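Look for chain A in each of the two complexes below; its partner is chain B in the first and chain C in the second.
Then we have the complex of A and B:
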């Protein structure tokens, strides 16, 4: 049974005649990582998290079922135990003055007993690699640490699904590495992840499937290798550098076989073609 | 990173930060009652001395705690100047300038100093409050007094986003200056006048941020249950009871003495 089911989802913002999302349907299995690309990806994330229809106005049709519960049927704060969403700018998600205060905030709102909060706080901070920084002021953390703290704050609430909307958009390369290392370890632990991210070099190795929205409709939903083969002529899609190089050389060098999406795969395929110049 | 008053409370380096937040609120209220009850120099001087003693015994950082006084000094100067020039009694000198008589009043000067001392007292007790009280504990203490969490929490939220808004203002200021907008005037009044237009983008940024924060709060189950729990705990000890008793007793004595006309 899928942990997330989207059935014929259509959403139109107030004042617009055309829907931003139109008849989108897909499932996500437990422990899977789904990457979303294309137009209206943030709107789709807001639907998955229940912010639409509870917080953001507009006309929503169809249904989103998270862990057996329709997002329409329960209030947004109650959905927080099912879906955890990490927003783009960690500054907007760390409301408290200390890291500890931010991680326990959601648990406090859910009425979690103090002893359990302590245990979950330690666990969440260890997971994101911020153990020992409990009392550190949120504003003192680096960009990468802030985003990891945001993930810890969500994980402490024990959601069934983790949704991340461009989590590295505000981060430098080091912060981006930190966040993707964390996501890789979460995936290994079986966390279900839905991610919107424009960094193909990091997303391709992480995702199990990739979903492309075109004009609000589901256009492609396949594993990464097939995804890049399917969208190779789409100028709006950014490819991993190694995939880009492979596709550029494919015809000239007469390459056949699977498209590489990681550096290791690229070296294995393209390495034998490289012949250093002799002097 | 800019340090703010509450940083000291978060670092938890003094016994004073372990006091119950309502004890500090009671002390602040007591000082406010004393300051508004009388302009007696001896009483206000003794109260200021008591506050400075509290700072010394509590090992509060003198520099950052008293730094906000710099902001009120111009106000104090103008209060004293106006009183000195405007009071009709106790005139010690007078000049005629352009057909107008300018007088110097010793009574006005003393009154100006008394009012200055009142302002200083209020400022010092407030900065001590913000230095010593942990915002999360203050929120918990307010909730214990049955203040709804969403109102009590706004205190912490405001403190959290104050540095961010200052950063935003600095960014806007730099962006405008890089395009030739001249803000750094020597004239402080002109400087304030020039900063005012920068408030428009700042307010727009704040509104946009507020809507994202509202979404983020809801996603973290804000207001999900009436029986919300708290990770921090606040406890009242014998020292809390003693300090509250001393503060309220002193305020009551001064208030009665002022009403009776003894001071």
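Then we have the complex of A and C:
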């Protein structure tokens, strides 16, 4: 059974006549990483996390089923143990004085027993590589540490799915590396991840499938390699540069077969094209 | 290439700056930027790059040392005068935007710097077209998309017609098409004579438009040269946790004699000598 099932999802914001999402259906399997592109991707994330319909007004039709439960059917606190959402700006998640306070905040609100809370705090901090920093003031953390802390706060609630909407937009390259290293290790441990991320260098190696929304409808849903081939004429999507180069040379160089989507693949597939001719 | 006789747009001599907390953000910067240059400033958060460029229009004044903008010592002038020389576009447009319509937002700066009403109107039309904002004059800025708000922030600074334009991470929330358009706009402004200083983490963006790259590290300039020269210093860049664009790393890994900064360069350099073209 899929861990996440979206069934004919349509959502219209108040005051608008056209729906922002229209008849979107797809499944995500346990342990899978799905990357979302296109207009209305943030709205889709809000639906997956239950913020729609619980917090944001508008007309929602269809169903989002997480771990067997419809997001409509349960209240938000219960939903928080099913889906956890990491916000773009960690400053919006971290508002307690210390790292420990920020990570236990969600659990406290869910009424998690104290011993259980301590155990989960330790586990979550270890997972994001912040063990031993419990008492650190949140404002003393680097950008990457802050975003890892906000992932820890979400993980401590033990959600079945982790949703991240541009989690590195406010981070510098170092912080971005830290967050993607963390996501790779979480994926290895079987965490289901749904992510909005435009940086192809980071998302191409992580995602199992990529989903493109066009005018609120599901337009493409395939693994990364096929995705970049399918959307090659879409001017809005940023490609890995080796993919760009491959597609630009494809005809002239008579390239067939596998499209490179990572640096390593680019070296193997495109490197030979630039070696001096043999005599 | 800007001639070495071109006047100095920015001149920093042993520039030092400490925040009230005591944190020393700039620890002796010596730098000249000539009028008409397009300079990219890169570095990690906390490296001092934003602190540096905030000196270029007097938002910050040196703790020690001297900073001159088009020959004017920033300590001797108010912000309004300096705003006509150098305009600073904030990283987060929401820190800059506060009017109720797009039109008011753009007209605010020129009005404040004493531009005549007739000129304001033509300046407004010019920047709306340049930043692809036509038709949104009466819209409330907070009903724009993030990408539109970012462009509005640039438009409202440009409307004051500063000779130097400073942009701090201007591509947030923009898709590839919008980024390409922004690059084209910045290049056009550069050709028209504006000096452009672009602060960014995005080395791909820098490679697409800047003629010169400055790498900031711990409050000082660590590297200063053409993007080709700077991106070749992979080990030094790694020390500052910056990675050149994927295509540059690719050309280094493949062992090509020439470094590619952009995909277009790599495409242009392909002559079909490799396998798969033997029939030609």
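One rule holds in what follows: the second predicted complex is superposed on the first by the 275 of 279 C-alpha atoms of A that agree within 3 Å, B and C clash if a C-alpha of one lies under 4 Å from a C-alpha of the other, contacts with A are read in each partner's own complex, and residues count from 1 in each chain.
Following the convention adopted for this analysis, contacts are C-beta pairs under 8 Å (C-beta built on N, C-alpha and C of every residue); 3 or more make two chains touch, one makes a residue touch a chain.
The structure presented is a predicted model; accordingly, all values stated were derived computationally and were not measured.
Q: Of the two partners chain B and chain C, indicate the one touching more residues belonging to chain A.
A: Larger number of chain A residues touched: B.
Q: Just chain B (first), just chain C (second), both, or neither: which does A:10 touch?
A: Once the two structures are laid over each other on A, A:10 reaches no partner at all.
Q: Report for A:177: first if it touches chain B alone, second if chain C alone, otherwise both or neither.
A: So A:177 only meets chain C here.
Q: After the superposition on A, what does A:138 contact: first (chain B), second (chain C), both or neither?
A: first
Q: Touch test for A:250: chain B only (first), chain C only (second), both, or neither?
A: It touches nothing on chain B or chain C.
Q: Is A:271 touching anything from chain B or chain C once the two structures are fitted on A? First, second, both or neither.
A: In the superposition, A:271 touches chain C alone.
Q: Have a look at where A:160 lands relative to chain B and chain C in the superposition and call it first, second, both or neither.
A: It touches nothing on chain B or chain C.
Q: Does any part of chain A touch chain B in one structure and chain C in the other, and if so which residues?
A: Dual-contact residues (chain A): none.
Q: Spell out the residues on chain B that touch chain A in their complex, using ranges where they run on.
A: Chain B reaches chain A through residues 1, 6-7, 10-12, 135-136, 156-157, 159-160, 163-164, 209, 212-225, 227-233.
Q: Can you check the complex and tell me which residues of chain A touch chain B?
A: Chain A residues touching chain B: 49, 51, 54-56, 75-78, 80-81, 84-85, 87, 89, 91-98, 100-101, 104-114, 117-118, 121, 135, 137-140, 153-154, 157.
Q: Within the complex, which stretch of chain C touches chain A?
A: Checking each residue of chain C against chain A gives 44-46, 172-173, 175-178, 180, 201, 204, 241-243, 245-247, 249-250, 253-254, 256, 263, 266-267, 269-270, 272-277.
Q: Can you tell me which positions in chain A touch chain C when the two form their complex?
A: Interface residues on chain A, with respect to chain C: 142-143, 169, 171-175, 177, 198, 201, 235-238, 240-242, 244-245, 248-249, 252-255, 263, 266-267, 270-277.
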